[in-house]
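Read from first to last, the chains carry the letters A, B, C and D; within each, the first residue is number 1.
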Amino acid sequence: MNALSDVLSQGAQMSLVLGVAPLLTGFVRKVKARLLRRRGPPLLQPYRDLIRLMRKDVVLADNASWLFRVIPYLIFAGTWVAASLVPTFGNGLLFSWTADLIAIIALLGSARFFQALAGMDVGTAFGGIGSSREVMIASLAEPAMLITVFSVAMIAGSTQLPNVAEFMGSDAVGLRVSLGMAFVALTIVALAENARIPVDNPATHLELTMVHEAMVLEYSGRHLALIDLSSHLKLLLYVSLIACVFLPWGTATADAGVGRLVFGALLYFGKLAGLGFLLAVFETSIAKMRVFRIPEFLGAALMLALLATLLRFVSGSL
Amino acid sequence: MSSLQFDIAHLLAGCLVLASFMMLYQDRLYALLNVYALHASVLALSVAWQAYVQQAPHLYVTALIALVFKAIIIPVALHRIIKRLGIHREIENVIGIGLTMMAGIGLVALSMVVMLRVTPSADALAREDLAFALSVVLLGLLIMVTRRNAVSQVVGFMSLENGLVLAATGAKGMPLVVEISVAFSVLIAFIVIGVFLFRIRERFDSVDVQELDRFRGERR
Amino acid sequence: MIAVALWSVAALLALASAGVVLSTRPRGSIILYGGCLIATSTLCVTALSDLLYFPHLTPSATLPIGLPWLGAHFRLDALSAFFLVVVNLGGAAASLFALGYGRHEDSPGRVLPFYPAYLAGMNVVVLANDAFSFLVAWEFMSLTSWAMVVSHHREAENVRAGYVYLLMASFGTLALLLAFGLLASGAGYDFDAIRASHPSAALSGVVVILMLLGAGSKAGLVPLHAWLPLAHPAAPSHVSGLMSGVMTKVAVYGFVRIVFDLLPEPVWWWSMVVLLVGGPSATLGVLYALMQRDIKRVLAYSTIENIGIIFTGLGLALAFKAEGLDWVAALAFTAAMLHVFNHALFKSLLFFGAGAVLGATGERDMEKLGGLIHRMPKTAFAVLVGCVAISALPPFNGFVSEWLTFQAILLSPQLPSWGLKLIIPAVGGLLALAAAFAAACFVKLYGISFLGRPRSDVAASAHETDRFSLTAMLVLAAFCLVAGILPGLFIDALAPVSKNMVGNIMPHQVGLQWLTIVPIAESRSSYNGLLVFLFAALCGTTAATAIHRFASDRLRRAPAWDCGYPDPNPAIQYSASSFSQPIRRVFGSVIFAAREIGEMPPPSSPVPARLRVELHDLIWDVLYAPIAKLIGFATDRINILQFLTIRRYLTLVFVALIVLLLVVAL
Amino acid sequence: MSIDALSAILLIPALSAAVLAILPGYRLTAKLNVVAALATFLTSLSLFVVEPASGQYLLMDDLNKVFIVLTTFVSLTTSVFSASYIQHEIEIGRLAPAFLRFYHAMYQTLMFAMNLALVANNIGLMWVAVEVATLTTVLMVGIYRTHEALEAAWKYFILGSVGIALALFGTILVYMAARPVVGEGLDGMVWTVLVKHAAQFDPALLNVAFAFLLLGYGTKVGLAPLHAWLPDAHAEGPTPISAVLSGLLLNVALYALLRFKMMLAVNSAAIAPGPLMVTMGLISVIFAALMLYRRRDIKRMFAYSSIEHMGIIVFAFGMGGPLANFAGLLHMTMHSLTKSAIFFAVGHIAQVKGTQKIADIGGLTVTNPALGWGLMLGVIAIVGLPPLGIFMSEFLVVSSTFARAPWLTVILVLGIIIALGGLWLRIGAVMFGEPKGKTAPAEASYVPMFTHLGLVLMAGIYLPPVLVTGFQNVAKLLG
């Protein structure tokens, strides 16, 4: 019986994640507009964009190969699987033991790998700019993420996300310096990975500054819809990852009753809203960095993560 | 063997070393040849005396060979070669005469020390002969090293061979076979030298080793 | 079992001698490569059956050849069986590839006789059980591969590459010879005798350093890697696939056989040395790869990175074995062995891809390729699989071995020694960096050479390669996927190897449901390749069907967005050096003293402006150039002795005599 | 003295030398020369079958049995090679038939002298044999009568004679040391008697004697400070003579040195000859290795490679111990076979290309594949790469001595690597790349070269037991 409920809860998790993602992006855009004293697009605007793109027909570049048309589905599949592995309202889901934190990073890595390839397939300069910069950012962000995962996993004693969440929830964790550093590093990496303001401006289409947009410049119609949905999913993934690891209180345990699940879900939405608000405030308060200032920014994240791991290695308590 | 006989043998070996020193001193080619003839005759004398002392008849044969070949035939032949080849007379020394002499003295001292320390058990006569022989060999080498002229190097080599003959006679009871073969090989060597001198003369305008060096194998 | 192996090695040697004749006949290369394919597959099957069904048996044989009083000993234990599988799987794939690719060879006489001899040499190294036959096969392997590296001897840099290669190979062999000299001092040259003689700790320490020099120079660890990017690209593609994918693994075998098997209990500082060499090799190797324009040089440099990962795994295994935690040592060792297997697969696949591209376009420089996916679709697909696998991305095998290595690193805080406590996090960081750079490097390789528009008419007129090359590549690609999805099978196959080498094995994998692999304990962490692959495929198909049912499926072609410039020619696309410009600017300016020199012509002259990228290989300038200068200086000084006069030579003799007399008399 | 195998080995070359001196025509003497060499080789093979007794003057034991067979075999193959080589030289005009008047006579006298040196039981007789061998080779080196050939011959003569003189002095000192124990007369010079009583000799005198002998015969072996004659003699002399010089004469001189080392090994009080030989060996290895880089003449390069290998062999004997001695003996055999094969190839290549300058020879594997790959195989052997014999001996030398004297072996290994670097650099230029110089196909005698290389390849894999047992008990004797 509980196998069925596990499948049900995992299916609920996956559909919830898919449903909430565009809402989170819409909420962040709404808050940013409000902070800039303008009304901003309605909260559900991302949903309307997706549906609009779904209905439009796809305009393919002459030089685009079969790979160009397959890549959106690969990116979406990778990101959706990664997002569904991160516990949202409940912990200990059916698929949680199939892959751990390192696998999630690798899935996002493969999504990025294919996106960079897509950028270069069309054969114009813009795809090249986007891919080469994305690859440079990734070559710093991914190791920082991996080393943060090392330090967190060493404290929690396991790389399985539910175990980590449980451990963080329990009072055994205590206040640790390395956890603080890991948190800062993780936020910097999240900003870089989701192409938020200091690293790359999500709203602009100016060829010279954009990184993420340059790669998907040639996509249109349903392909573009899939890619946008994937980027929303990715943002949700990072936010819920930060929430699950660093704000672990209140997520329902695996065998909890329906009441606890509902309470967990409500708490989860609260966390999303809070973190989304903080993201919006941060984005409005800082300008976009020059491209070659980003390596120092991400280098700081890498050093912080390395220091966290080193501290964890050196002494058990730190 | 009475002390007188020992003294005479000692004296003759000493004369041989002295002759080597005189060869070191020469700077004229003809003079060098004459001193070499003297050197060979002193050798013959000392070998004959050794023969008498050791009652070893075969040594007389060696003395005879030394006298006939080395004292007479070789110097005369070299004289004729020098005259026919018209080789210029003087020998350029590489380092000054004074320095060569001092080196010679050092070498004799070294050979004395080496030989006497090394052969306490052998009888007195043999030890003396070996010490003097080693000095003559080293002096012969010194002559070869400090001379530029090909002929003077050959004469230095010959004096070195004389030292060897002295050493051989010093070793009592060494079978005659060796002496003859020593002489025999010197002879062949001499023939070879003669043949070479003609060829060298044919090819180069002079016999000076310096000339030879210009035709070294791989030039720098 | 071992008789079959030795007979097939003999068959290979017979093929080698027949090769001289076959190279003159038109169908000679087909016959020879076919024969090699059969021999290597029989070897592979026997080794696999030995590894899976009777790993506890260690059949051994002695032939009367070799050292007169010792004879040549051969033994097939679990470790040799595993490496035989790796060697012969690579060999079979290369021979299959060569069946088609062999036709491009312009002077078969210089490759055909050496190819089977090379395979035989590698097999004998893995089978040898005494120092002499091990070293004979080891150097014979380098000699035959040298012959193939200089097969295209018309280009001067191939001959120079061959020269540097053989010089480094001989340096490595002499290091091994010194190591065996130490080991044999106690017990003679037979491995069993050495194993029984338990050499002392100090002696073993020196042996480990010498092994690192010897096997490290053959595998391509950083300070001794200089020859690898010169030699591997110079050989014909199927041979460079073998050299990179398989020969480096034979070097790893040599290191494991001596350090793990022959030496007694390891000491903790051994692992520190191995890690200090493994970590930097991983990162520097791939950084070099990012800076290259020539496909085969990129692949050669990326071999250095993967070898760095393998040696990191081995270093961790040594560290845990020294502290007695042999169940964690088993994890690290199995991770390293799995990466050996994986790297042999995808590196051979990528080199075959490069060979196919070279065969089709005659060009190795990425800047002249582009748009090959349209003209060589099947090769493009196979190379795509190779690139994704080597960048350690989930559905494929590269990720599994890297994941296991990371798990081993995560377990290492238990190691008490302070040196390791500081080094292992740094090495962990270096490995993480290397993984990211690998992804960047292979995006560049694939993107520049296969995607976009053709940059030269040679690339525009490329055509698909022949059937044999394609089957070889697709078989290897399939293996990569299977190893990525069902890693549990491969880990259990490796259990007997790690049992022999580190005394313990990873928890039994096959029993777990859905073939998850669990490195240490269920609670700690687990990864299930199959489910992740099925899960992703499920999500992808549901998305595709949902879209095609509800959303529109209309599609039309249009020119790409050109920001207003009319008909942009292919040159405006990103080239290899411009793609790596950001990374070069961030990392390269420090490590390679990279400088971009723009030569602007004087205002009046029609000469085009040039942008030149100047890279210095610091290791070459710091280590190799000074040695060469020193030798040059010494030879000039000594050379004067050839041109002295006779008199001076006599003085030499005279002085020698005086010195000797003084020594003897006083 | 009954005509047993031992004296036959000496008589055949002596008689044929006399006969050849009389006959004028070149073609006939060449064939006769080969026949004589074949006869000598066959008689030497019979030594393995019936073991003749050693007398006062002639000696037969394990050490020189193998060397006699090796010497006669290599002289046979060299005579076959020289027949076609000299024939070609006459056609080219580099050698006038007048010069060759006594060539084959001298060749046979050289064989006689070397065989005599190998079998002589009397150390004086051994000295004379080596002296005669030197003089004949001096004449043969000067055969071309070019300036360089004359200068090389003259240098060889002067240095050789000085060396031999020192050796004679050493022999006399040995006799002096033996006289009080053995008594005067002939048996003071007989080696077998000397070895039996060597323990009671006066050690200090023996040391001085060995010093002179090491310098004397060391010059003939071509060790470093005394090597000057060797490179020029090889480069300027005709190639068959370089092959004989490198292959055989160096071995004969080293054999003589080994005889005396055996004597010293028995006398424990004498300072161990090891350190002396080890130092001279290492100096030669490093010196010759460094000299290889700047060589422009291919034969002179291989001459330096001979010096290097002689250095390795002397190092092996200096280190002592059964394994190192076995390796030294094996290395001597392998080196003479390989080096003569290399000189056969180089001889023909010089004839085909018309020059010995490395810069003017290129792309050999393209123009003359058989010669090119033959020389390649020879160089692979001489550099010490595995499938061939020299790797086995270098393996044994390095691995047996590393544990005892790590730093010395490291220097040896350094020397080997530097030599490999130098030799391989030049060979790469000669073998590969665009063909340079004349590209006429060579009608050369490949049989001698490939038999030698075949033997070395076979020895690298499987050593016949008779050779092994012979070397092993000699290794024990050498101490």
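Convention: a contact is a pair of C-beta atoms (placed from the backbone, for glycine too) under 8 Å apart; a residue touches a chain by one contact, two chains touch by 3 or more.
These figures come from a predicted structure and were not determined experimentally.
Engineer: In contact with subunit B and with subunit C at once: which chains are those? Just list them.
Structural biologist: Touches both subunit B and subunit C: D.
Engineer: Most remote chain relative to subunit C, going by C-alpha centroids?
Structural biologist: B
Engineer: Centroid of subunit B to centroid of subunit D, CA atoms only: how many Å?
Structural biologist: 31
Engineer: Quick one: report the Å distance separating subunit C from subunit D, using the average Cα coordinate of each chain.
Structural biologist: Distance between chain centres: 44 Å.
Engineer: Using the average of all C-alpha atoms in each chain as its centre, how far is it in Å between subunit A and subunit C?
Structural biologist: 35
Engineer: Mind checking the centre-to-centre distance between subunit A and subunit B? Centres are C-alpha means, answer in whole Å.
Structural biologist: So the centroids are 100 Å from each other.
Engineer: If you look at subunit B, which of its residues touch at least two other chains?
Structural biologist: Counting only residues that touch two or more other chains, subunit B contributes 114, 117-118, 141, 144, 153, 212-213, 216-218.
Engineer: At least two other chains touched by the same residue of subunit D: list those residues.
Structural biologist: Touching at least two other chains: 154, 158, 162, 166, 207-208, 231.
Engineer: Of all possible chain pairs, which ones touch?
Structural biologist: Those chain pairs which touch are A-C, B-C, B-D, C-D.
Engineer: Along subunit B, where are the residues that touch subunit C in the complex?
Structural biologist: Those residues of subunit B that touch subunit C are 94, 110, 113-114, 117-118, 138, 141-142, 144-145, 147-148, 153, 209-210, 212-213, 216-220.
Engineer: Taking the touch rule as given, give the residues of subunit D at its contact with subunit B in the complex, in rising order.
Structural biologist: So the residues of subunit D in touch with subunit B come to 122, 124-125, 128, 131-132, 135, 138-139, 142, 145, 147-148, 150-154, 157-158, 161-162, 165-166, 168-169, 172-173, 175-176, 179-180, 183-186, 188-189, 202, 204-205, 207-208, 231-232, 235-236, 295-297, 300.
Engineer: Residues of subunit C touching subunit A in their complex?
Structural biologist: Against subunit A, subunit C makes touches at 370-371, 373-374, 377, 380, 384, 388, 391-395, 399, 403, 406-407, 409-410, 412-413, 421-422, 424-426, 428-429, 432-433, 435-437, 439-440, 443-444, 446-448, 451-453, 514, 516, 522-528, 531-532, 535-537, 539-540, 543-544, 547, 550-563, 568, 570, 572-574, 578-583, 585-586.
Engineer: Which bits of subunit C are touching subunit B when the two form their complex?
Structural biologist: 642-643, 645-647, 650-651, 653-654, 657-658, 661-662, 664-665
Engineer: Sort out for me which residues of subunit C touch subunit D in the complex.
Structural biologist: Answer in residue numbers: 64-69, 110, 131-132, 135-140, 143, 150, 153-154, 156, 159-160, 162-163, 166-167, 170-171, 174, 177-178, 180-182, 184-185, 189, 631-632, 634-636, 638-639, 641-642, 644, 646, 649-650, 652-653, 655-657, 660-661, 663-665.
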